[in-house]
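So, here's a batch of structures to check.
Okay, so chain A shows up in both of these, paired with chain B first and chain C after.
Right, the complex of A and B next:
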C-alpha cells in the first residue's frame, strides 16, 4: 500500500472535530490540550531547518493510560498522531506533516529506578538523557549513549531515533542499551517488550525493532536501559595533521594496535577555523585536520592508551600532539568538538547538519568527495564527525535570501548521499530518516525492503495514524 | 490468525508432489535433494531431546539464487520449509513439525572476507562459528559470541537463534555483533539489511528483528559481523563457596567494584560432583557452589582484575580461591564449566538442558527454587550457568523407561518457567523458543504481543511456509 493509500483515509481539514477535542480534554485535562496558534507553533517544527507543519492540537498526557486512550481514539477516528519528546531531532522526524495531534511526552519525566545490582535504570519516556545519565552517575554508573542533544533530548526520543553520540566506537549506540520498553500500540494496547535482562530471546526482538522506528510503530512510554560501571577516569588528547588522509591513517593505526578508544573525533580545516573564530581556543588554523582522541577506564590503562595514540599520531607525521594534563584540560579539548555545530551555525541563518556514514577506511575519501561536491555547487560546507565509526557531519550553511542557495545546498546533499552509498555507506548514521531523508530511503533500501517496511508498519498501525508519511508509511 | 489458520493451508500428506521434487532437483541437482528414510532421518531431529518429525525432503542449496528459487516455489505451492544449519539448537527450533522441506545451508560455508580496517567479517550462512572465529583470530581479531556449540553451530544458526555464550556479560550476545544480513524472503525476494557499519539508522532495524526470529521470517544466506581487536591475554580463577547465596554475593560485589569481567560462571554442588566424576579435576566436592571468574585485556589489567575478583571471593568467605598460573591452567579451569553438559548427560539417557534467566540478584533464590521444585517432583537436576547475566541452565536427566519420569520432568520445568517469570525473568535467555518453549510463550508475552508477532510473521511470510508452528506462526 502506498503512502497515498494509507494517509488518504486520515482525517484532514482545519482543526479537529469538537467531540474529539472534548474527549481529549476529558482524558488529560483542558490545560493539556493546546489548539491556539501561539501555543501549537513550537510543535510545528523540530531542530531540523526548513521543515514546518501546524498540528491541529498538541496533547500532553501524564500517564500510559492517557496515551492509550488518546491513541485508541485517534485510530477510531483516523486522526494522525505524531509522538514527540523534546523535538531536538535533526531529521524532521517529529514534523506533523498531516496535521492532527502532536503527542508530547515531556510530562512523563520521572526516573523510576536506578539499580546498582542489576546495572539498569527505568525511566519514563520524557526523561531527558542528561537526567538519566546524572541519576546513573549518582550511583556510580554510566549511561553510555551521549547524543549531542543530551541535555534536552528525551530518552524515548533517543530510543525512537536510535541516537548515537561521541562514544559510539567503544560503547555503541542507544540500541545497545535498551533492555525493555513499555509501549502503546496505535490501537491502544499497552505492551511490554524485553524486560530487565541482557539475555532474553523469548519472541521477536520487538525492543530493537521499535528502537529507531521513529514513532511510526508505537508510542514509547517507559524505557529500561542497561548501565555500565562508571569508568574510574578519562582523558583526551589532540593531534593536528596536514590533511584528513593522514588523520584517517592515524585512526586506522590506532585501531590496528588493538585499541577501541572512547573518543576518536575529527574536524576538517574549515571547521577548525570556524571553531577558532567562535571560541578562540588556540587551535592550529593551518591544520588540514584536527583529531581528538580519548579513552576511559582505570588511570594506568587510560594513561597508556593516550600515550599509545599520541605516539601513533606522531609517527604518522602529526603537526602537533597535545595530551590533556587533567580533567579540565580534557574538557577544554572536547569543547572544540562540542562547539563545532554552534560555531558553524553562526556563519549563516540556515545550518543544514548532515549525517552520512561510510566504512572507516573511506573517511578521508568521503570528506574529499564532499569538498569537491560542495565546491561544484558553490556551497559553504565544513565537516566534523566521528572518525572512529565513519560517521560524518558535513554541515552546510547558507542564507535563504541568497537566491538559489537552498536549491544548491539540496543538490549538493543529493550528490553527497549517493556518493556515501557508492562507498558502501548510508544516508544516516545516527540522526534518522524522518521527512528530511525520505527522498533517499528507496535508494538505500531498494523497493522490496521498502515494501516490507510498509507491511511491518501495517502490522502495528492498521489505520496508519502514527507519524504518517514517515518510515514505513 | 491462529496457528491452525495459517498452517491448514499448507501442503500435507506423504511426500512432495513429483513435479515439485523435479523442480527442486532442477534447482540444486539430484544429489542435493534427499527423500529416502535413511537420508532424511538425521534432519528429523536437532540437539533437543524428545522432539522429532520427518521432513518430506531435505534440500541443500549452494547459492542464494537457489534458496530464492526454492522459497518462491514453496510459497507458490504452500510447502513448509524449515531452514537449518548444524541442527545444534536446543529448543527444537529446526524440527519440521509440518513436514515439507528442511532447507540445509551447510554447503554455503565460505568465509568471504575478514577486514582488519573495518573490523568485520562477511561469511556465508553455513560457516561454523569456530571457522569464523578462527579466520578472525588469524588476523588478530575477536569474534566475541561463543555459544557452547561453536565448533559445529553455523553463524546463520547463531543469528537465527541469537545465540549467547560464556562472554555475554562483558561482550553481549550474537545480536550485538550482527551488522548486516543477506536474506531471502519466503516469497523469494533477496534482500540486504544493514550493511558494514556500526551506525546506520536508515529504515526499521530488520537486521535485529531477523536476529532471533528462529527461521520464521526469512532465510539468512550471508552475514556481516563486527569484530573486535583480540585482547592481548586472558586469565581465569576459581572460587568455592559453601552455598550459592555466597557466590551470588561475590558476583554482586565484583560488579559493584566497577568490573564487568569476561567470565563469571557457576556450577552448583550437584554439577561440581558430576563434573568431578566425569573428569577428575580435583574439584572441591563439598562446595555448595563453584564460581569461575576470568577477564581479558592487557596483561596488567587482567592480572589486577583477577586479583580484585579473588580478593572479593576471599572477603565473602570463599572456602578456597585459586588463580590460574598460565593459559593452560586457565583452560583447565574453564574445562570444568565446558564439560558440565557432557558430564551430566552421561548420568541418564535423556538430558533436558534448560535456559531460564532471572535478574542477577535473584540468581541464588532461583537456584534454591529450582532445587525445591525438582525435589518435589522427584527429578534429578543439576544447575550451572552464567552468573554474570543471571542465565541458568538447570539440567534434568532421566531414563525414559522409568515410568512417568518424563512427565515429572516436564511438570518440574513448567513450575520452573513460571517461577523465573515471577522473579522478573524469562523462559529462555539464549536457547530460543522453538517448539520446546512454545507452551510458555503466551505466559511470557501476553496475548496482545503474541497477536502482534503473528501480524509481523504475516508481513514477511504471507503463505505461512517458513518454519510453521514456531515463533509468530
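Right, the complex of A and C next:
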C-alpha cells in the first residue's frame, strides 16, 4: 500500500517521541498506553488474513474526554491514529499501516439505556453487538442487525463498517438502525449527530456519512440505535435444487409474489459437501444448491409465509423441500449455514472470506462466474451467502506453504471483483473496504467520486491522521 | 526469518484470527484487552515462533502465565484450534531457566515423589490400594495426587457408589496433568503412560483436569470421568443401581448447582451427565457462569492468587444470589477453590464433590 496524499506529512520512524508518550500517559494512565514490542504485537492484526502492521503505541481510553485529548494531540503532532473495536473485521480496516497509535475502544463498553417507550438503546462504543441485542431482548425488543461476528464485534465497529448480517433483506443493515452518534473529530471536538429521533432532517445526514466511514472521519464513542418489537415467533425451511440457477429463480419468485422473508441463505454444492464432511447433517450432497428460507412474526403469518415459499420451491422443481416443525427443527436447519465457515476454515490454514454483491437476479450467474474463475486459477473455493441480498461469500482456502497458492488466490479475487462490478455489483457488500479492498475502490467509484471522498476526508481530518491509507485518504 | 520449532506447525497455523474466542475467554472478559485473549496469545506465540519476539519479552512471560488454560476458547473456535496443546508447548519453552515461576517448579518436583503421595493417601485415609490391577473389574479407580491428600473422602465415596465394580490398583502416582499445565509436558506424558501401565484398561477419575490429560496421552477410550461412568454402568447394569433418595434440608428439597470442571467440559466434553445425576437427588439450579472457569485452573490459584480471586468473585456473587444449599464440583482444585472462597465470604453454602453428594443419598 503506498503512502499518498495527506499521509505523507505524518510522523514516521521507530516509536513516538517521549513527550507525546508522556502526554498520552497523563490522559489515560500509564497502564493504558502500551509501547513495548510484545504489548503492541497483538494489535498488529485483525480478522483479515495476510495483513499485519505493528503500531508504535496502543492506547485504551475510558472516556470520550480522553479520546478527545488523544486525537487533539495526534492532530497537533501529526501522529496516525487507527481506531479499533474488537478487531473482528475482515477488510484489514484496523491494520495500522502507517504505524502510530492504535486507539482501542473496548474499555468503553456500557449499555447506557434501553427504552421501550422510545424503541431505542444507547450504548458506548465498545459494547459488543450481542450484548446490545441481549439487553434489548430482555425488554422484549429486537436489535435487527446480526453480523456473523455479533458475539465478538463492537457496536461502534459495526457502525464504522456498516455491518450487515443474515436479516438484511427484511430488516436492512446497521445503517438503517443508527439514529444518533457521539463522535470525536480528529481535531478533538466532541459532537453529536442525529439523536433520538426517527425523523430529523436538520443538516446534512452526517450520521449516515459516518456510518461506514471505517474510522477515517471521526472516532465513534457512543451510539443511539433504533429497536423493533421482538417478533412473536420464527421458522425455517430448506430446499435443495439441481443447480444455482433454479435456486436463483426460486428467490426471484418468492420475492415477486410479495413475501419479504427474514432469512434467504444459500450454500453452493462445494459448500454443502464441506459442511456435510464436517458435521454429517444428512444434507443432499448431489444438490447444486441448498436454499434456507425463513420468516418471523405472528404464528399464523409465519406458517403461511413458510408454506408459500415452500410451494414456490416445489413449483420451480426443487429436489426436496423440508419445513421445520418447531424451534429446534429450525435451529437444526440453520446449523448448516452456521457451520459453513467452520467447515471451510478447517480445510486449510488460510481462509479468505470475501463478499462481492450483485443485483439479486444476477446471483446464479455470479456464482457460475466465480466457479469458472477459481477453476482457471486452480483455487479451492466454496460459496455461500445471503441470496436475498445478492451478497455472496466466495471463500478461498489455501496453505501458504503451497508454492504460489496465495498469488493464485489473489489473482482469482481480482477477476471476481471485476466480474461483480461488470454485473452491476460491488466489491464488498458488508465487510468493508479497509486496506484489503482499497486497490479496487477507484474502479468501483470512478475518479470524480473518489476525488469527492478525498475532499470530505480533508474537511473532517485536515492533518490526515485518522486511519491513513483507507477510504478517502 | 526461520521458524524455531517451538510449536507444532500445523496447530499454530490453524488459527484464522477471526476473534470468535474473545467473548469465551475469562481473562479477556476481565481486561477487554486483546493481549489477554486467545487470539492475542496466539499472535504472541506466532511472533515467538518466527523470532519477531523472544522469550525474554515481558508480555510473553506475563500472558503465558495469565492464561487460565481453561480451553473455553476451543469450544467456540470455528477453525478447531487446539489451544490447550499450544499453551502447553508455549509454557514448555517459556517456563525454562529463570523464567520458571518458582511455585510451578516446586509443584512439579513435589508431585513426582510417588512414595510421598502414596504415604499421604494412607495417612489421610483415602481408599486403600487393592494390589495389582485386576482384569475382571469394569474400571480402575484413580486416586489422584493432591486429591488423595486433601480430599481422601472422594475415593471412599466412589467405592460406596460402585461396590465390586472397580479396584484401586497399587503403585499409582500423579498423572502428570499438573506438569503438562506448568511447562513440563514431556514429564507429564511419561507420568500418564506410567499410570496407564499400572492401570491397564479403563481408568475411572473423579477429576476433570486429570481425566483430560490422561485421555490426551492414553486415548479417550481409556478414560471415564465419574459421572459418565456412573450413568453408563448403571444403564448397563440396572441391578447395580442403588436406591438414591432425594436429599432434604429443613424438610424441603436440597437446592444444588454445579460448577463445571473446565477440562471435563472443554476437553472431555462431558456436561450433561453431572447435571443429570445431581437432579436425581436434589433440585438442580443452573448458575449463569457454571460453564466458565472458577479461577482454580489447576495450580493457577497458587501461581496467581489475585487474578484467581477476581475470576472466582463472579461465581461467588452468583452462588450467593441463587439461594443454594450445595455447590457441586467435579474436580479437586475447583473444590478447594470454592471451599476457600465461600468460607471467606462467610457463606453457608456447602461445597461437595459429586461423589460425596451421591454417596450421601445412599
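Here is the rule we use: the second predicted complex is superposed on the first by the 469 of 473 C-alpha atoms of A that agree within 3 Å, B and C clash if a C-alpha of one lies under 4 Å from a C-alpha of the other, contacts with A are read in each partner's own complex, and residues count from 1 in each chain.
Note that a contact is a pair of C-beta atoms (placed from the backbone, for glycine too) under 8 Å apart; a residue touches a chain by one contact, two chains touch by 3 or more.
Every value quoted in this text rests on a predicted model; they were computed, and no experiment measured them.
Trainee: For A:202 in the superposed arrangement: first (chain B), second (chain C), both or neither?
Mentor: The first partner, chain B, only.
Trainee: Does the superposition put A:107 against chain B (first), chain C (second), both, or neither?
Mentor: A:107 sits against chain C, while chain B stays out of touch.
Trainee: Regarding the shared-chain residue A:341, is it in contact with chain B (first), chain C (second), both, or neither?
Mentor: In the superposition, A:341 touches chain C alone.
Trainee: What is the contact status of A:164 with respect to chain B (first) and chain C (second): first, second, both, or neither?
Mentor: The first partner, chain B, only.
Trainee: Examine A:433 and indicate which partner it touches, taking first as chain B and second as chain C; both and neither are also allowed.
Mentor: In the superposition, A:433 contacts chain B only.
Trainee: Of the two partner chains, chain B (first) and chain C (second), which one does A:147 touch, if any: first, second, both, or neither?
Mentor: It touches nothing on chain B or chain C.
Trainee: Considering only touches as defined above, state whether A:37 meets chain B (first), chain C (second), both or neither.
Mentor: After superposition on chain A, A:37 lies in contact with chain C alone.
Trainee: Which partner does A:87 reach: the first (chain B), the second (chain C), both, or neither?
Mentor: The answer is second: A:87 touches chain C but not chain B.
Trainee: On chain A, which stretch or stretches are contacted by chain B in one complex as well as by chain C in the other?
Mentor: The answer is that chain A has no such residue.
Trainee: For the complex, which residues does chain C have touching chain A?
Mentor: Its residues touching chain A are 10, 13-14, 16-20, 22-23, 32-35, 37, 39-41, 43-44, 47, 52-53, 57-60, 63, 76, 78-80.
Trainee: Enumerate the contact residues on chain B facing chain A in the complex.
Mentor: Per the touch definition, chain B meets chain A at residues 116-119, 140, 161-162, 164, 168-169, 172-173, 175-176, 185, 189, 191-193, 195-206, 208-209, 211-213, 217, 228-232, 252, 255-260, 298, 300-301, 304, 357-361, 386, 389-391, 424-433, 437, 441, 444-446, 448-449, 452-453, 455-456, 458-460, 471-472.
Trainee: Inside the complex, what are the residues of chain A that reach chain C?
Mentor: 34, 36-39, 41-49, 60, 86-88, 104, 106-107, 109, 126, 128, 130, 149, 151-152, 341-342, 345-346, 349-351, 400
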